[in-house]
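Here's a structure for you.
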Amino acid sequence: MNRSSKFVPYLILAVSLLAAKAGAQASQKVSAEELERYAKRVEAALKDQKIPGATVGFIHDDFVWVKAFGFSDLENEVPTRQDSAYRYASVQKSMTAVAILQLVEKGLIDLDAEVQRYVPLYPRKKYPITIRELLGHLSGTPHYVNRDVEQHFKDHKDTMQAIAVFSNFDLVAEPGTKFVYSSYGYNLLGAVIESVSGEPYSRYMEEHVWKPAGMASTRMDDPLDLIPHRVRGYQLKDGALKNSEFIDVSSRFAAGGTRGTVPDLLKFMDALNHGKLLSPQSLRLMYTPMHTRDGKISGFPNTAGYAMGWNVIHRKIGEVYTNDGGQQETRTFILSVPEKHFVMALAINLEADVYDEILFPLFELVMHEKLVDPDPRKQ
Amino acid sequence: MNRSSKFVPYLILAVSLLAAKAGAQASQKVSAEELERYAKRVEAALKDQKIPGATVGFIHDDFVWVKAFGFSDLENEVPTRQDSAYRYASVQKSMTAVAILQLVEKGLIDLDAEVQRYVPLYPRKKYPITIRELLGHLSGTPHYVNRDVEQHFKDHKDTMQAIAVFSNFDLVAEPGTKFVYSSYGYNLLGAVIESVSGEPYSRYMEEHVWKPAGMASTRMDDPLDLIPHRVRGYQLKDGALKNSEFIDVSSRFAAGGTRGTVPDLLKFMDALNHGKLLSPQSLRLMYTPMHTRDGKISGFPNTAGYAMGWNVIHRKIGEVYTNDGGQQETRTFILSVPEKHFVMALAINLEADVYDEILFPLFELVMHEKLVDPDPRKQ
Amino acid sequence: MNRSSKFVPYLILAVSLLAAKAGAQASQKVSAEELERYAKRVEAALKDQKIPGATVGFIHDDFVWVKAFGFSDLENEVPTRQDSAYRYASVQKSMTAVAILQLVEKGLIDLDAEVQRYVPLYPRKKYPITIRELLGHLSGTPHYVNRDVEQHFKDHKDTMQAIAVFSNFDLVAEPGTKFVYSSYGYNLLGAVIESVSGEPYSRYMEEHVWKPAGMASTRMDDPLDLIPHRVRGYQLKDGALKNSEFIDVSSRFAAGGTRGTVPDLLKFMDALNHGKLLSPQSLRLMYTPMHTRDGKISGFPNTAGYAMGWNVIHRKIGEVYTNDGGQQETRTFILSVPEKHFVMALAINLEADVYDEILFPLFELVMHEKLVDPDPRKQ
Amino acid sequence: MNRSSKFVPYLILAVSLLAAKAGAQASQKVSAEELERYAKRVEAALKDQKIPGATVGFIHDDFVWVKAFGFSDLENEVPTRQDSAYRYASVQKSMTAVAILQLVEKGLIDLDAEVQRYVPLYPRKKYPITIRELLGHLSGTPHYVNRDVEQHFKDHKDTMQAIAVFSNFDLVAEPGTKFVYSSYGYNLLGAVIESVSGEPYSRYMEEHVWKPAGMASTRMDDPLDLIPHRVRGYQLKDGALKNSEFIDVSSRFAAGGTRGTVPDLLKFMDALNHGKLLSPQSLRLMYTPMHTRDGKISGFPNTAGYAMGWNVIHRKIGEVYTNDGGQQETRTFILSVPEKHFVMALAINLEADVYDEILFPLFELVMHEKLVDPDPRKQ
């Protein structure tokens, strides 16, 4: 599979994302009318699915479109904005993978080194586990073990405390043998970033990922900080909307402890594809699906595999890289088709996987291909 | 002290509180200009003290005035409203005292019975403690013992669980001998209300206090419920405004687990003084300072004593009954001068005791007397 | 089923249990040699199953036999004794059932009353639940919900706190429809005993069950109390003996929070069958299997049903009533055949259900019938 | 102060400590009668102070004496032994200091490096803190902050979790300015040992301290492990002996998480003074009192200062180095007078500082000088 030529970063045009007025001008390829019809579908989806608020957008070549729907606060009837600040949840993992690969580029991390080389206090398990395995969810490190406790932390945790949550857990699979999606594995990568860089994760990300990509509104989701346009999140209980349970996501820092805007998510992917964050070689590595030892592609069903922080989907128009996040208060989705200079992101403030009607039509509208086959058994 | 004649409930006029337009008309005794000048002082106080938002109001005879200041949500720049919903905190204790006295009126509670008669699982302590002692903070039941834990509960607690928080604590004083302010004592009274009425505290309050008083916006402060105009709370950290720490106040139900509006607080006191909630005899009892066994008045310094859920202050214009609340997100204050048909309430969304400039001038403006002597040593 | 005549209490002979020298004299029906051979089998069972220590005994008519095996403390090589003090675990439920029926006899409890009549703070569930349903594990109250937490409490809990552990749990079945074994249901019965008697559970049991039955060594298992001959408990981890995890069983008071000796367990059943604790009518009720609403016998598989605190097993020699307990540090078993004036008890200090070779041969030796059919499918 | 010549390791004679029969033979300097009289005093002290059990011993030149008193288990009446296994508590800190200095000798640790060089995830504080400051309790790291929680952990913690207990605590003093005794500081040193050696603390200690010193019975105090002759611990409550509260000391690993025997403590000090664990230079450094920045000796009152893991006391017979430990279940004391080839150790299984009558007479008997001046104001 020789895809390297596809990854020569395309030139980024002088686009000020937030200045771009949604719907004010049309792309060459998408008309204002089409976007308006799409917006109507999204409004209907919000109503159908009881989604309080959503923001969705894309960049296609030099065309930027972002639109907000519904409410970011139902109790106070605050409308959602383009720059409403949602919890990112697990789409943060893509940024963590980028940071690790930056440190590999600098020679500070060896992808095949044992994680204890960088985090010596992390207890050795039955088998050694490597950085590469952690990136691909192939280390056998478990995901949440006691969900009733671990997914509901309400106190603030530093990195030491976040790792201590799972440091005594046994592996659930021999490393390299099985795809075991694990937020803990990505938190361990966050600890590696801190150990190797000598900086807190947040400062490293700020300096080496968020600022270089122009992501001015992305930050750790500290419940005490005054975060402009912080979105309130909701859940459905017996069919009725309720406020989300309060949790403090500091314990999920590198795996999902951030907050920011849909435009920032677009900028992240755009910067990545323009070569602002990683070299072409690293980019290629990051986007390449990993294998289990038996030679099989590793990853979620109905995908072409999990790379490093990204799912890969084969489409006619090119390789599609996606990631999604789910957490109290939020659902998020990011998608990148580097060959088509297309990136797309959405966030909703409802804890329910009900954004298909926001996601699929927009992809199809701009890419002229379905994101998933109608019959999932064919995928 | 023969004050009984003063408590013949005055006639309540057909005042729809929320319909009353703030500042739209003047009282006979307070001019619109005076209220405007006062409002300017409040605005200055908010700026000086970094108070994000406040609502303050009063009823004097048939004149109702309520005004909102600042923001109820800084992150989303939501202005505060007359009907913004603040945490009540400890002013709830006054309502709990009313409920207990209602049940005494019905013969269901004996004020001098041991609390275990009504809450048999509550472990006996070194000395027996009575309902009356609990009402007057004279039972020796401690307040928060391990504040780092007990003032920061983030999970939901039912009554059994709320009582279990402190059921194993020893008394800190022999009952009857010392004023020991205790939220736990009032929670125990909440358990008594439930045991005796066979209803959850919230339903009892709804049916017997809030509805009869016309308090349509008062409720338990459940973090999951969508509460219209719920105010966001703030704290000062190193001089900077931060969001308040999240806590779930369900564990403080009868001592401070409710949320509502300033107009509702006014309605509560007004209904009380109009005899809608208690008989004149019960009202008199509730407003009478209690004594320790040695015959001394019991209560906070610089007051004329603590009655049942109320502080008493002697003023020339008459007896003043007050209560105040402080909790994460809020500070509240209620004040009643039954003889003058005057009630007053305020709430701010900052965790700081900085509302003097809101409280004192308004009292003085309407009552033409200072609420406290200039030199506190004279009190 | 007219079995009432069988329950006329048989005369108890002047037997001082602890004075009875094990194996020193033979029963009319069991010879000293048979008991010696049985003891050899027990010794072999201890070795085979890595059971550190065990005490086993029976009363048959006026013959009392109790024998200790192995060690009560491996670290300090302390031999087990006849009066070694083991955790009772769930066999305590039989005593709780007795206490409830005593209070029914006194007219203080109505078996068909809603539990909230006696424990008003216990939150009402989707359906009302009665005392009778609690006795038969028919209330739908769940057993441990989050075992990792609830079975590992290490702190001391009073009754309020023990009930608060599960007060917010939903029912897992509609009351009356399903046998759902629940330690929480029996703890709720413990709370009923306290509410109705006005005494702590331990004092009620002391005065009304343990003392009347001559059980001088039975008590709440307080980890701080110096308890003579307290047995240390063990578990098997990867085939190796380890100390048991420390837990404080105070939260399981009426369902399994006690400690005592095998002779005391024998005395309990003997006193019961001699009519010292309950009237014949109550005894009959306690020993009668309960039904679900659809008319089916309720209880564990391979039994003739669950009565009130007892499993019932049909044998040719008569009805056999059993109960068993399992907890960190211990396994216990009690068995009573009132018609044969036979009671039997055993305790081991290993957390493993490996006492069949202690239980079955002794029953067969004395009763001349197998306790369970060789083919369990026939039962 | 030129004391270097004093530290040339003296020859150890072929003494098998445990084979030495207590009191069976006299030292040249102490007669069997004197030791017998001393033993009577100890027995009286146990009775006076309600100490259940004690073991005490010393090595003087080639004379070894160890004697056990009272009971190691009151519930089962197990007599204490010479090789009874007590919790070491804080005397473990002396061994941790030795391990750090061994790693300094190997060039793996720089005493003046910032601790984050070795434990990168430990959050930076307001000021940098060094290994040397940690050794001398001069880092400003606090001791237990919330004792009700931190001194009562009942769960097992690995090193990451043990550090996470205090990783977010602020310094309580600027490093170098104040003696602040801190178990957390020594746990951080334990983490340094693990990071630098790549081994768990227990394995490092086993290989580099315990085995070289011949300490065959010293180990981490795991509550699940079967530890021969494990002593049960006691506390006094209202004057009555009670079992100690159960705690798991794994969270205190390098600061006090071990268990072993009095003979092993003697062997540790003896090996140290014979140069088996550290070079003379390191030994000298370890035994030298440290200073605060203002040039004053740092340490506890009534001492000549705190060195690295040892208190220093000036006596006529030479410098005396001591350390003591206190924890649930235990009190321990170790003492070394290298110039006199004298080491001494004791342990009791009571949580009370009541061992003066065991400690002082033995020191005086063998050293012919009081350990402390009669009038403490003269010290």
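Chains here go by letter, A, B, C and D, matching the order in which they are written, and residues are numbered from 1 within each.
In the analysis below, a contact is a pair of C-beta atoms (placed from the backbone, for glycine too) under 8 Å apart; a residue touches a chain by one contact, two chains touch by 3 or more.
Here the structure is a predicted model, which is why all the values come from computation and not from measurement.
Farthest chain from chain C, judged by C-alpha centroids: A. The interface at C-D recurs elsewhere; of A-D, A-B or B-C, the pair that shares more than half of its residue-numbered contact pairs is A-B. Inter-chain centre distance (chain A to chain D, centres taken as mean C-alpha positions): 51 Å.
Here the CA centre of chain A is 47 Å from the CA centre of chain B. Between chain B and chain D the centroid-to-centroid distance comes to 55 Å (mean Cα coordinates, whole Å). Touching of two or more other chains is recorded for no residue of chain C. Within the complex formed with chain D, the residues of chain C that make contact are 72-76, 78, 154-155, 223-230, 235, 237, 241-243, 245-246, 248. Per the touch definition, chain D reaches chain A in the complex via residues 116, 119-123, 156, 158-161, 163-164, 167-168, 191, 194-195, 198, 200.
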